[in-house]
Structures are given as structure tokens and as C-alpha cells.
Amino acid sequence: MTATPVLIRFAPWIFTVGLFVIWEAVCRLFAIPPFFLPPPSLVFGAMVQFWRPLVDNSLVTLVTTLIGFLLAVGFGLLLGLAIGASRTVYAGVYPLMIGFNAIPKVAVVPILVLWFGIGAVPAVLTAFLISFFPIVVNVATGLATIEPELEDVLKALGASKLDIMRKVGIPRALPYFFGSLKIAITLAFVGSVISESVASNRGIGNLMLQAQALFQVPLVFAGLIALAVEGIVMYAAMAWLEKRTTGWAQRSGFGT
Amino acid sequence: QTPVKFSLDWKYEGPAAPFLIALDKGYFKDAGLDVTIDTAGGSLEPINRVASGTYDMGFGDINSLIKFVDANPTVPLKAVYMVYNKPAFSIVGRKSLGITAPKDLEGKKLGAPAPDGAWAQWKIFAAANGIDSTKVTVENVGFPVREPMLAAGDVDAITGFSFSSFINLKANGVPADDITVLLMADHGVDLYGNAIFVNPAFAEKNPEAVKGFLAAFNKALKETVADPAAAVEHVTAANPLVAKNVELERLQMAVDQNILTDEVKANGFGAIDSARLGAAIDQIGLTYEFKAKPAAEAVFDPSFLPSADDRKVM
Amino acid sequence: MSAGQGAAADPFVRLEGVSHVYGGAAALKAGTGTLAVDGLDITIGRGEFAAVVGPSGCGKSTLMKLATGLQFPVGGTVSVAGEPVTKPVKIAGMAFQAPNLLPWRTTLDNLMLPLEVVEPHRRRLRWNKAEYVDRAERLLASVGLAGFGDKFPWQLSGGMQMRAALCRALIHEPQLLMLDEPFGALDAFTREELWCVIRDLHQRTGITVVLVTHDLREAVFLADRIFVMSARPGRILVERTVGIARPRDLEITYTAGFQEIVHELRGHIVEARR
Amino acid sequence: MTATPVLIRFAPWIFTVGLFVIWEAVCRLFAIPPFFLPPPSLVFGAMVQFWRPLVDNSLVTLVTTLIGFLLAVGFGLLLGLAIGASRTVYAGVYPLMIGFNAIPKVAVVPILVLWFGIGAVPAVLTAFLISFFPIVVNVATGLATIEPELEDVLKALGASKLDIMRKVGIPRALPYFFGSLKIAITLAFVGSVISESVASNRGIGNLMLQAQALFQVPLVFAGLIALAVEGIVMYAAMAWLEKRTTGWAQRSGFGT
Amino acid sequence: MSAGQGAAADPFVRLEGVSHVYGGAAALKAGTGTLAVDGLDITIGRGEFAAVVGPSGCGKSTLMKLATGLQFPVGGTVSVAGEPVTKPVKIAGMAFQAPNLLPWRTTLDNLMLPLEVVEPHRRRLRWNKAEYVDRAERLLASVGLAGFGDKFPWQLSGGMQMRAALCRALIHEPQLLMLDEPFGALDAFTREELWCVIRDLHQRTGITVVLVTHDLREAVFLADRIFVMSARPGRILVERTVGIARPRDLEITYTAGFQEIVHELRGHIVEARR
């Protein structure tokens, strides 16, 4: 609490740089062979050398991820509303969703590839399947936790169930929805990368696989860092979107 | 007892039989070794594993080993026993999809997993057969979906080990007479195949262990070749999921095509012809830019082999 | 207990022998439910300002819910404006202890909410938007919130939010205003200001008001008649007509006559809590 | 809201059975080949036939998962407390954690295998790495959102930072901690299965991979169902634990 | 404004020319901070019961925080029991508007909390557990909570929780009791009961009490002296000594003399809000 805001502002950079410095030092001190753990200097070298394929493939992964994510947003919102509106459906679907969530999506990718062939479709679908769950759960939870008083205000006016949903349910669920997007986009990203490494000629997942086959371990790590950076950027974008769209929720002290 | 961590190239299937026999029948134990055998997901994986020292010895593709040694000269991995005298690398296609000869691949779709050993030799194969590889559409397909996609006609041919892909295709309902197996070794790709190799630090510290391992393996390999049907029992014991007849067929193919070649019949198991290996390294150089091209002696060390007598084919 | 004179003249809200159990009919049978009110009789006349006081948890909120059709009794009859209550009554406006404004809407849009739901306004709203906005703004001005229509609830103080909630309860011109401890969360000064707002409103429109409160001064200052409820299960223990002439000024709360009524009621409550 | 509690109690079973019935019907109606999508009848057949390896491998996976999970619980709790106690550390570590979370753990498994060989160690570590994140984030959040009044009560008594942490911080963070376990155990499970399918001779992940390599698609699906069931059971166990240990949080209306 | 007689006799809490800005020194320089109080002078004598009233947001809570060392002023001096305040004062017990009981502890364990923190009890607690538990139970009994020690906070009503919070503020026998709107969230009847609890406590122990409140009746009923604060930035506008003799009975709140003081204070507040 005594930290000045300036320190807090720069803390992410300080910690990130610190991490790389320690990593480099460990590699040098213990003379770790590069195929075991390449030092950051080599990794950055690989990044500079292969910047073209890294950027190209990152973009491919980005597009795939976004398409899958948008699908998940659409269906997740609809299903979440449907589930949250009825306690029976909520009770019935919830365990199925948990079970589905417990299945590693790597195991599902081959099935998707068999169904839809190679390329973008299975990657999009994997991204969709994996990011779908938190959206549905959050939206349903948002609906299920509406304060009865808010409902009563409308019921006392003789509002129909649909009215209540439109006027209170959906707006009230929105902060939960936007809150789930941060998690969902990270998962979507993980999903499309997984799928790319199983069946695709493009994307960061494929790039890393190729690099591994050619024993270019620094490039594998460069891929990992590219993934991390892309993940952080997308997370930040969703955090920004959340703030923009449902700032009222934070400002009014509603929803944490 | 010297502990030895050993990495296979693939799962417990027919061709793993000699390793499992040596373990089951105590040949390793008799040689004073406490061996653990682990599976892997392709013939590249064991190279990294042994190089890192996590595993002491491994079974994998010597051609990839050559590239690895070139890329990482600080870790002089060496092969010590050649198992697949002729590599199982092949292009597998379907006649009904118009694949009967190498040239047919032009204008077609080839499915190839990026970490596949056969795929790594594709450029040599294309060059040797005058295939314009720009006319071939290559799709990265993971191991689990490779054969099903060929069976479904999503691709026209795949790269793979002959015995794996052929049998997997049959399991996917493709009739045997529809399958074309183009063994690369029969089409101008004159390489060696999978070998046993050893971590250099381990070899230096435990030369007797390496020798003992190879002697035990050699004995088991001879038994396998003599009676594949009995050998495959050890596979089914280790892996309850596999079907015996399938693995026997697989093993039989490996023995016939890859292990028991004319060269082996003449010179015995495990050894290499260093002129042929030198030529193979040259051939790799056609498609791979060496930093410093290694000599045959730098990648294969025959000093741990059992005596020529012991290695003779009966 | 017989109904007061005001009620007898023109009964508007009438509960007769009403009992209510939370948890539904099943809970009643199983005996697991809470008997919230039991044999409750109350009649409120048209245009009357009634206040209900009683110990915590005695069923005051339940009474409100029964009268507005948000809950249905397991026994007895409820009628409003002569009609039996079988679904939420649309001629009522409600305000609760919390303002319950929708945080994603501006104050003005919060006010418009009932208009988007209740006929005939719902139908007319689209084409007569300007007229309705005008009405909402006049209403806001009448409670001292002129110019705050485009602020969001979190930009208003608690007292201002409560005023807005009152406006929302009134915008569709209900014939019945139900207030459930509407000032409980406010400080004493803001509270007294809002008393005056409600007083003037009742004066001006002649609307029927039912006010639930813990604050005896509030009840005496505002109401024509005060009902004291017993501890749970709630019944009406005492009914006290407040004779003080209208219009009433805040100063009267410091008069001896006023204090006397408060004191008397306090005695009833102490009794009721036993 | 009108649904009777009985219906709600049985809803999970009804929905599950319904799912299988529809699945079977689709397979039969469209005569879908089994290697494409096996009907549940075949899948259950495979379950009966291979019950031994299914049970054995499930147990292996369970043990691996639990070890990784326990590690994650220990370290996650400690790191979460460390992070939540200082806003600077919180700000600095958070983006790194997000970046790490955006890296698909499948990509990390081969590296772990290089370091530790195949078998239980990488599986445990993957389970650990993947389930670590939500625990840290939740514990840190629990600490970061303590009501200042609760702190003031102690500060006014002259309590030290350590006192405040012990008396208020940790107990207050516990519901968040136990709340995160439900997610963490599911993820740990996913992690160990992923790792098993890449690098192990045992476990459900390996079983499915073997089955896939042998084209026993019904057995693959049997494996998926085993995963789902195990996941649901572990989730339920954690939900029960949460209720047992921090019932006060629910009952006092705190948390949610 | 000069200090009252009670204070002059033996000053215990003393704020002189105190100004406070939220946001730290940096915010002060940048001019972005909130000037909460400015040039605040107040002196409270040992054993006195002081009440502070004033409009919402005028800095009453800030005053409490300054006096207990939870905040430090940017200007002026604060001293308690003759010592300048440079860190949280340990001789004070505090209670806020919310009971702030720890929900994971039983009522008794909540009461023990200060003993686990404050010396010398902290040191002695382990070996004299029984003695302390006994003390806590006697304290609980004195506020009418006998037998509720093993209940969790959520099992108590709001008023009971507040009583427990009061006990917690008193268990380590502080010399100063700071109450920041402790009864704000309670209903009128429970509130009056707790007035009597506090009154008796002050009577019995002679502890110095500072009470912040919105409720003028509460202030007049309980306090020896009442300070009226101005709107933000807060200063003391008026100081009113309540002459009513102790012990006071609840009935006196209905007397004309009492009402007069309330009425007078109300006038000051209305002034202050301008």
C-alpha cells in the first residue's frame, strides 16, 4: 500500500525484464545446452531472424482465434441466457458442461479434423469449443443471481417474463458476460494453437511444430513468447472492452 | 546393476518386440543392466531425449540424428547399432486415388506430420524421382489423423513408415489391393533407417553397459527374426490394447523389408557400410544445409557391437 | 378489528383473514414453511395515507407483497379497487428500502422504465416520446432533481437516488403507492426532506399510500391512520387514527401532541415485541 | 422458478440420458460409420470389454492429477498470498501469469519431457502448471479485496501487517481459495491427460492415444466418457469441500 | 472556538488546527486531493461523552481516523492522552456503522480478537484463557447477549451483531471509545435499546466516548457535549453543552426541554448544509 503508483505502473516491465535476466543468467552460469533451454539472447536472435514467419503465422492464428471466439460469444450468450432463464435447464446442463470441460480438447481435435478436414475449420471449432464454456457459465450465473427486488420492481408493474429478461436480465448479465471474455479469448487462443499443431499448415502452432522437427529450439521458444505476447494483448483488449462497455458495473460498485 | 533409461521411437507395437523380449527374458538383467523402456511419439523425439541426458540410450532415425549432430556439435550423439538397415520411410497412397508411382504425386495432396521421419526425407525422394515438388500440395496432418484422412480421401497420399501406415490403412477399411506403398529405399533414397544410439557422456562412463545392452538386444533380435509369432506375444503382454495378428503382420513387414536386407544377410545385424553411410550423408546434404558435414565415423561408432559371429544371420 | 372511518367510506385495499406461508403449499402441508402472517385483516380507503409499523420480521413486507399480487395468500382474500388480486396489480407503484435503480440506465431512463412496461403508455411511448420525457422531467423537478435526468445512479447521493425511485414509482400515475421503508437507509436530514416531498405529493394527487416504516415519527407525521402489527405471525394489533390537521409542517413534530402519539405508539410496539 | 425441486434434482440424469439417446439416434438414422462417430451402444460395449485397462489407467491418471493438484494448492496458496499482500508484486506478476496462461500446455510438455523424461513427473508437472494459475489469481484477489473497515478494526488496535494477514487476510482469502479448487482440479486433470498422451506409458491419456493409433474409435470415446465422469466427480468433491470448509462464507452472504 | 469546561479540566483528545487531504502529500501539491477537514479544533476531556454531528461527507469519519492515528494530518497537531499521535493509538476501541464482525469466527472469538493483538493481553492470553473467556462472557451478558458466544455472526440479528461489535471495542478495556454512526443501520427500537447499553457503560466505567451520528435525538440523549461540523472542508461550527442530568431515562426524549435542544441543533445543521 506504500508503493507509489509510478512503481506500480512500471512493475510489469520490471518483472518481465527481471525474468529474462534471471533466465539468461541461469543458462550461462550452468552452461545449459541450447536444445535443453535456450537463453533469451538466442531466442531473441531467432525472433529477429525469423520475424517474417513469426508475424505471418501469428496473424493466421489471430484470425482463426477471433473467428472461433466470435462464434463462442454468439452461441455462448444465447445458451447462457437460455440456461440461466430456467433453473431446471441450469441444473440439467451444468454437470454435462463440467464433464465436457474436463475433456482435454487435444483429444477432440483429431475427431474434428476427421469431420471437417484440414485447415482453418477444425482450428476455429476447437477455439470455439474451448472458449464457449466460461461464457455460458458466466452469463447463466449473471442471470441466476439477479436481485429479487429488481425483478419485483418489474413484476409489480405486470411485466411479462420476456419483459423482465429484456429490461433487467440481459443488461444485468452483461458485466458477467464481458468479464468472461478475458478468460474466453485466452482459451480460444490456446484452442486454435492446439488444433494448428495437429492439422494445419499455418499458424504459430504449426510453426513451433516445424521448428521442433528441425531442432531449432530457440525458434520454438520464440514461438512460445509470441504466444504469450499475443495472449496478453488479447486479454488486455478484452479487459479494455469490459471497462468500456460495462463501466457502470465497476463504478456503481455492482459485481465486485 | 547399471540403470539404463531407454527411449523407443514409438509405442509398444510389433517392431518393438526385440526390446521387450530382452527385457522380459532378462537378457538385460543378465548383462548387469536395469533397463526401463519408454515409448515416444515419433522417431525424432528420442534424439532430443538422449541428447539432453534424460535418457541414456534411444532408438530413432539416424538421418535426423545426423542433422541434430550438425546443429548441436557440442553433443556428439553416436549411433551404435543399426536396426533398420533399410529405412521404413515410404509414401503410401491409394490406387483408387490415382497413386501408383512417384510421379503420380504431382497435382495431388500429400499428408505429412511435421515431426515424421519419412516426411524429413521427402525432398530427397522428390529429387531422386524427378518430382516437381511445387506441384504437390503438402498438408500437415497429425499422427492420429494421418491414415483416417487418407482412408476418407481428404488426402491422396501420406508419408509414413511402411509397416505402420499400411496396416493402419487396412484397419481403416481400405482394401489391401488399393494401397500403394512406395518404399523410399526402393526409389532412389539410399539411406539407413532407425538405429540405437547413446548419450556420449553415458557411453564414456559405462562402455561395458552399452556393450552389454547391444549384446542382449542382438540376441533378442535374432530370436525375433527367427520366430516373429512368438516374439509378438511380448508386445501383446506389454500392451493389452493391441491385436496379436495385426502386430504380427506389422512385425513381419518390418523384418522382411527393413531388418533382414541383403546387406544384413551378408554382414550380419547391427553393422553399417561406412561408404554407404557416407553416401547417405551426401544425399542428406542435397536438401539440408550442413554447417560442417559430419563424416560417417562421427555419427556411427561400431566399437560397442557384439562380435561379427554373434551378429551373423543364421 | 373494524376498519377505520376513512376505509369504510370507500375501501380501496382490503385484506380479509389473510394468512401467508413462505415455501408454497407443499411447505405448508409439510409444516416446514414460515407462517409469515396469520388472520390479517386490514382495509385502507381510497385516497388515504396509511402507515404500518411493527417489530422486525413481523410480516410488513409480506403484507405489501400480498396487496400488490407479488405473493398470494394460502388463506383469506385480497382485493384492490374492488377486484380480487390474482396477478400483480398494475395500478400500483412501489418503492423499497433500496432505491433499486438500474445502474446501466440514466436517471431519466430509469424513470421511463414503467412506461416501457405498462399499457397504455407502452404502446404510446414510441410516438409520444417527447411528451413522456417532459412528464418525467417535470416529476424530477418536483422532487428537486431538475437537471439530473442524464446522470447515472452512481453519480447521485443516496437521498437523490431515493427521490428518483419515488419518481419511478409515480411516473405511470398509479392509483396506489406502496412504500416499504423507503427512507430507512437515509440520514435524518435527508429523510425529513423526503417526508415533505411525499406529503406534498399525496396532497396534490390524492393518491392512496401505504407506508411501511420503523420510524414512528415518520408514521405519525405522514399518515392518516397507523396500523401496529404483532410479532410474527403478523396480525393488526392496534389501529390509531392521527388527528393532526393537514397540511402539516415539520415543526409539528416538535409539538407535545405529536410526541404524545409517538410515545403511545412506542408503548404498543414494546408490547408487540413481547 | 415454477419447476418443482424434484424435477431439478433429476434434471442432470434426464439431460444426460437424453444426450445419449439423441446421439444413438443420430448415428443410426444417418448410418454414421463408427470410426467417424461411434454410437453410444458401441462405446459402452468398448467400456465393458476394456473395463480393466480403463479402470487401471483412470486410477493412474487420478493419482497423477492429485499429486500435481496438491503441489499447485501449496505453491498457489503461498504465491497468491505473496502477490496479494503487495500491490507492486501483484501488478508486476499479473501480466506474466496471463502470458504464461496463454501458452498451450501441450507445447510445454515436450520440454518437460526433455528435462524429466516421460512418465509421471511431466504429467504431475503439467497438472501443476495448468492448475496453478486460477489458485494464485483467486487467492490474490481475495486478499486484494478485503474491506478496509476490517483492516481498520485491527490497525486501530495497533496490529502489525503480519497480524492483519493472519487474523483477517488469510481467513478472508480462504473462500476464494476453496472456490478456485473446483476449476483447478478440472484443469489439473486436463493437464495430466495431455501430458500422458504426449509422454507416458500409462494413464487415460495414453490409453486414448493407443486406441487412436489402433483405430479403436469406440474405445477412444469410452476414454472420453471416463474423463468426463472423473472430471465431474472431482469437481463435485471440490464443491463439497468448499461447502464444508467455508460454509460461513455462503451463509453470511459473503463471497458468492 | 474555546474548549468546553469538561475539556479544559483534563483534555484527553485534542486536535489543533488540523487539516487533512486524502491522496497523500503528492495529491496535495498537485491539488488533486480532497480537502476533507481544514483548520479543525476540538478538545474532548477525559471521561467526557462527546457527539459530533454534521452534514454527510463533512469529514466526521476523517476526524475519527485522525484521532485514532489511522490517518495523519497534513497540518496541525493531534494528541491523545497527552501524547502526539504518530501511529495507531492502542488505547482506543472502535465501532463503525457496520458491525464488521469476522464471519468465520464465533461471537466469542470475535470478542477475543483485540486480546490476540493488544499487549499485555496478547502475551497473557495463552496461559489465562479461561479468565479472558470469562471476561468476554460477562461483557456479552452486560449487553444482553448471554449465551450467544458460540453463535456465528450470521446467526445474530443486526442489532445483536452491533452489540457484539461494541463488546469487541471494549474488551481490552480501552480508555477511549470511538463510535462512527454505530446505530445507523438499526431500526428505531433496537437503536433505543442500544442507547441505553452505551449510556450504562459510560456511566459504569467513566470511559471517554466520541460518537459520530446523524441522529440528533441520539446525540442529545447520550452526549455531554455536541459538536456541529460545517460542510466539507469540515470545521467545528457550534459546540452545545447538553445540560440534562444523568442518569437519563428514555422518557426524557419526549420532554419539551429535550425537543428544544434537538430543534436548535437542527437549525444549526440546516445552516451548515448551506
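Every chain is named by a letter (A, B, C, D and E) in the order it is written, and numbering of its residues begins at 1.
Heads up, the rule we're going with is that contacts are C-beta pairs under 8 Å (C-beta built on N, C-alpha and C of every residue); 3 or more make two chains touch, one makes a residue touch a chain.
Note that this is a predicted model, so its numbers are computed, not measured.
Visitor: Check every other chain and keep only those touching both chain C and chain D; list them.
Guide: The common neighbours are A, E.
Visitor: Give the chain pair that accounts for the most C-beta pairs in contact.
Guide: Highest contact count belongs to chains A-D.
Visitor: Relative to chain E, which chain has the most distant C-alpha mean position?
Guide: Chain centre farthest from chain E's centre: B.
Visitor: Using mean Cα positions as chain centres, tell me which chain lies farthest from chain C.
Guide: Comparing chain centres, B lies farthest from chain C.
Visitor: For chain B versus chain D, what separation do you get between their C-alpha means, in angstrom?
Guide: For chain B versus chain D, the centre distance works out to 38 Å.
Visitor: Report the inter-chain centroid distance for chain B and chain E in whole angstrom, where each centroid is the mean of the CA atoms.
Guide: 83
Visitor: Please work out the Cα centroid separation of chain A and chain D, and write it as a whole number of Å.
Guide: Centre-to-centre distance between chain A and chain D: 17 Å.
Visitor: Which positions in chain B touch two or more other chains at once?
Guide: Residues 48, 52, 144, 148.
Visitor: Would you pick out the residues of chain D that each touch at least 2 other chains?
Guide: Correct list: 35, 110, 114-115, 212.
Visitor: Strictly by the criterion at the top, what is the full list of touching chain pairs?
Guide: Inter-chain contacts occur between A-B, A-C, A-D, B-D, C-E, D-E.
Visitor: Going by the contact rule at the top, pick out the chain D residues touching chain E in the complex.
Guide: Chain D residues touching chain E: 147, 149-150, 152-159, 163, 167-168, 171, 174, 246, 248-249, 251-254.
Visitor: Over in the complex, which chain D residues touch chain B? Could you list them?
Guide: The contact residues of chain D facing chain B are 35, 50, 52-53, 110, 113-119, 198-199, 201, 207, 209-216, 219.
Visitor: Mind listing the chain C positions that touch chain E in their complex?
Guide: Residues of chain C touching chain E: 55-56, 157, 184, 187-190, 214-216, 254, 256, 259-260, 262-263, 269-270, 273.
Visitor: So in the complex, which bits of chain C are touching chain A?
Guide: 65, 68-70, 87-90, 92-94, 96, 98, 100, 102-105, 113-114, 116-118, 152-154, 168, 172, 178
Visitor: Please give the residue numbers of chain D that touch chain A in the complex, ascending.
Guide: Counting only chain D, the residues touching chain A are 1, 3, 7-9, 11-12, 14-16, 19, 35-37, 86-89, 91-96, 98-104, 106-108, 110-111, 114-115, 145, 186, 189-190, 193-194, 197, 205, 208, 212, 220, 223-224, 227-232, 234-235, 256.
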